[in-house]
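I've put the structures underneath this note.
Shared between the two complexes below is chain A, which pairs with chain B and chain C, respectively.
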Partner chain A sequence: MQPLIELQDLTHAYTDAENNQVLALQKLNLQIEQGEFLAVIGANGCGKSTLAKHLNALLLPTGGKCLVNGMDTQDESHLWDIRQTVGMVFQNPDNQIVAAVVEEDVAFGLENIGVPHAEIRPRVETALKAVDMSAYALHAPHLLSGGQKQRVAIAGVVALEPRCIVMDEPTAMLDPLGRKEIMATVKKLQREKQITFVYITHYMNEAMQADRVIVMDHGQIVMQGKPAEVFSRVAELQTLHLEAPLAATVAADLRHAGLSLPRDIITNEELAAALCR
Partner chain B sequence: MSIRLEHVDFIYMQGTPYEKQALSDVSLTINKGEFVAVIGHTGSGKSTMVQHLNGLLQPSKGKVFIEDVDLAGKAPNIKACKQKVGMVFQYPEHQIFAETVFEDIAFGPRNKGMSEAEVEQQVHEAMDFVGLDYETYAKRSPFQLSGGQMRRVAIAGVVAMKPDYLILDEPSAGLDPGAKEAIFERIMKLYQARKIAIILVTHSMEEAARYANRILVLSKSRILMDGTPREIFLHHRDELRQASLDIPQTVQLVELLRQGGLKLPEGLLTEPAVVAAIKKVRGLH
Partner chain C sequence: MLSDITLGQYYPGNSVIHHLDPRTKILGTLLFIIAIFMATNTAGYIFLCVFVMAVILASRLPVGMVFRSLKPLAFIIILTMALHFFMGEGEQVLFEWKFLRITQEGLAMGIKMSLRLVLLLLISSVLTFTTSPIVLTDGIESLLNPFKRIGVPAHELAMMMTIALRFIPTLIEETDRIIKAQTARGADFSSGNLLQKAKNMLPVLIPLFISAFRRADELAIAMEARCYRGGEGRTRMHELAYTKVDVGAFVLIVVVMAIMAALRWWPL
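== the complex of A and B ==
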């Protein structure tokens, strides 16, 4: 199967206020498969948000190529199709909500792209159901919790029926319950609607739940693999300003003290299983 | 030396259909030398509460005192009192305004009437504090930075003012784990060296457990609990879950290990303590 998104030597240089070049992506190569849940982690300023903005042509490459479902983002005639294929969700739920009633907010994007009226209602209902927010269709968004607001924002994107949703730190502003709700929503949409997710986060516990993790540094991918492969490399992660999940760190400390434990422990359950045998 | 709230109510957009009570009968004293973590679900009133601590919001009912000066009174030193409180806002873009990172951080020190050489020194120190390289970033526009870099500029600007009460409203949102660790280490040093008060609003139970010596739990505009990390995290797990919160990862791990039969003592809260306890029961060093 053709990958949904393909980055070939993708390079992005910003020009700052003083006309200096800031190299944010350097010849980055990546294929994102249909239906996968890909987590992107890396230090502040390593280029994650810049990468995200290329995936629906909010930014265009200054070098290399970004292909979305085979369409080159440089080719303006594809802009519409690319934006239909890849939706975005950002960090701050309050900045993403536009209407005074939840269902109107979800319908907003559909109206914007000229979806016929008769089609709007069923699509809004389906989208709200998909994020478990049907009960709130007639509520005022500003009275919802952060996690609920963020799910409304996701519903607004889901209603557009994209193949892929890019999320840039969607849980950074949420309480622990809200973070769990978003994780559950992502997995549900991946499972039930086969939506591909590119999920940027500084929470290692979230990245751990992805199918694949890529680690970025200075505009390049420096590690990638299944969560157990990436997160068991405790010392390397630290040099990249990241951390391993608690269980992996504790396991590493215990190994260091002479205990023999399996290499790929990353969850509390796995550590408990190994220690309590 | 304290900040005190007495029976504070706060209502947004009072008298309109959008009226929203964000604080209900909140009474509280925060003393210098305390490290207070404020936790609570989104919308529980955390940001509203901390904005009362420096007089940015005035209570709809009740009183606020900084070092016994009533902020609604007529004392001549009200402004000076407010200046003892430094606040890093939840959304850094709300407090960044200058054309360069240098100018942004220099604003506070300049306002205090320091000489240009002193100002530069302060900016250097503050950038170092948050791990932003001076040569690379001082002349950059703060609006052309990544989210985490912008957050660091906001923290640096407030640290440079050397407040006696430092309020941090979700400061680690958007920071990478390395930066979080490094900045908190510096904050702890500052806290211990200058015996200031730190008020940390956070959604990270791990941060609250690790750094604070007192935890305030807000829920639905009220103070639900006020106690030490041990009291809150070891004995109130159900109430925390009901308030959309959780117990720290460390406490969850210890629970699993004890259920699995490992004879760990009660009361373990931090990662080093957990590691040490496991080593002990396994006879490792």
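== the complex of A and C ==
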């Protein structure tokens, strides 16, 4: 099967304020499969957000190719198809909600692509239901909590029925409760609507719940694999200024001290189970 | 403190006036304003007052609240009346003292002019009290649509208003936060003369502007990611539709104008 998104030697160079050439992405190769939950982690400035913006043609590659469902993002005639295939949720929930009423905001994308009047309302209702925000359809967004606002933003994307949603640190500005809400929503949408997620995050415990994790550094993918594979490489993560989950760190220390523990411990539960054995 | 500011003055309700199409209300208000300026004689003014009272009652708004909306412009109303009282030309002098002269004609003119202002304000308040800002924006967009051909950016204006409505509460919240942050750093917003006070607001305004520009930038990207490409080919979730009641309202306003015309040119 053809992957949903394929990056071939993707390179993005730009000139910064001091007139230096900066390579935000360097010859990046990646395939994202339909229905997958892919987490992207990496220190600040490693190119995560630049990568995200390439996936729905908000930025165009300066070298290499980005194919979405077989369509090249360079090809302007596919622009709106690509943006309908890959939706995007940003970090600040306040700055992506357009309308002063929740349901109007969810309808915004549908109005943009010219969905007939009669179809808009049912699709808005379905999208709000998918993120458990039906009760707030007529609320004003500025009165909602951060997690609720972010769910409204997700609903706005879900209404467009995309195959993939790219989330650029959607929980960075939320409290722990809001973070949980977003994670639960993402997993629910992946399960029920088979939506592919590319989830950029700073929180390792969120990335641990993904199907696959890629670690970026200086515009390149430096590690990738199942969460258990990536997060058990504690020492390597530390050299990239990333903190491995506590359980993985403790397990590595214990192994170092001579205890024989399996290599793939990353959650507290796994650690507890291994120690009690 | 800042959060007390309410946007617009929409008073939710379920009356006939609330349910009218916003275009009907906007056009009706404009036509009624024309009717106000057609009034010349007492009979005309009495008729207008009765009509406005009837509209207020039909909207089932608290009458006191509607009249309180006159307060911010009370000064102008009183000034208009006073200027006509003292400056009005006329034969029948009622009162004279040094350079002050009040004539019967001036008195009548003053009352009529300020009454016009009062009626104008009352009817426009009924419009804003019974129509939510969002619906009002939809109405304005729809009314401006025919003028697109001569270059009126109807969709863009409406989109700007929508975004403004969405972001005013957010920016007010932010202003509050910046004021608190600057107060915590020892900024003083309450002492000094007017000029000093204005200068003291700079540490609030600069971060506010910077953040507003950043927000605008992010919002633009988010809108683009959601396939926004201007008004071309856009559909709407809420489509405005005239009903029989709207037709009735238009008939009524035309009748009112006809009566005003009759009273003007063929006085009783």
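Heads up, the rule we're going with is that the second predicted complex is superposed on the first by the 276 of 277 C-alpha atoms of A that agree within 3 Å, B and C clash if a C-alpha of one lies under 4 Å from a C-alpha of the other, contacts with A are read in each partner's own complex, and residues count from 1 in each chain.
The rule we apply is simple: contacts are C-beta pairs under 8 Å (C-beta built on N, C-alpha and C of every residue); 3 or more make two chains touch, one makes a residue touch a chain.
Since the model is a prediction, treat every value here as computed from it, not as a measurement.
Trainee: Could you tell me whether chain B and chain C fit or clash when both sit on chain A in the superposition?
Mentor: Superposition check on chain A flags a clash between chain B and chain C.
Trainee: Touching A:Q84 in the superposition: chain B (first), chain C (second), both, neither?
Mentor: In the superposition, A:Q84 touches chain C alone.
Trainee: So in the superposed three-chain picture, is A:S145 touching just chain B, just chain C, both, or none of them (first/second/both/neither)?
Mentor: first
Trainee: May I ask you to decide whether A:N92 touches chain B, chain C, both, or neither, giving the answer as first, second, both or neither?
Mentor: It touches chain B and chain C both.
Trainee: Does chain C touch more residues of chain A than chain B does, or is it the other way round?
Mentor: If we count touched residues of chain A for both partners, the winner is B.
Trainee: With both complexes superposed on chain A, which partner does A:V124 reach: first (chain B), second (chain C), both or neither?
Mentor: In the superposition, A:V124 touches chain C alone.
Trainee: Classify the contacts of A:L177 with the two partner chains as first (chain B alone), second (chain C alone), both, or neither.
Mentor: first
Trainee: Going by the overlay, flag which of 111-119, 129-137, 183-191 or 237-245 in chain C ends up clashing with chain B.
Mentor: The one stretch of chain C in steric conflict with chain B is 183-191.
Trainee: Name the residues of chain A shared by its contacts with chain B and its contacts with chain C.
Mentor: 92, 142
Trainee: Under the definition above, what is the set of chain C residues touching chain A in their complex?
Mentor: Chain C reaches chain A through residues 133-134, 162-163, 165-166, 169-170, 173, 214-215, 218-219, 221-229, 233-239.
Trainee: Where on chain A is chain B touching in the complex?
Mentor: Within the complex, chain A contacts chain B at residues 14, 16-18, 22, 42-45, 49, 91-92, 142, 145-147, 169, 172-179, 202, 204-205, 238, 240-243, 245-247, 249-250, 253-254, 257-259, 268-269, 271-273, 275-276.
Trainee: Quick check: in the complex, which residue numbers of chain B touch chain A?
Mentor: Within the complex, chain B touches chain A at residues 18, 40-43, 90-91, 99, 139-141, 144-149, 151-152, 170, 173-179, 181, 203, 205, 241, 244-246, 249-250, 252-253, 256-257, 259-262, 271, 274-275, 278-279, 282, 284-285.
Trainee: Of all residues in chain A, which touch chain C in the complex?
Mentor: Where chain A meets chain C, its residues are 56, 58, 80, 83-84, 87-88, 90, 92, 94-101, 103-104, 107-117, 120-121, 124, 140-142, 156-157, 160.
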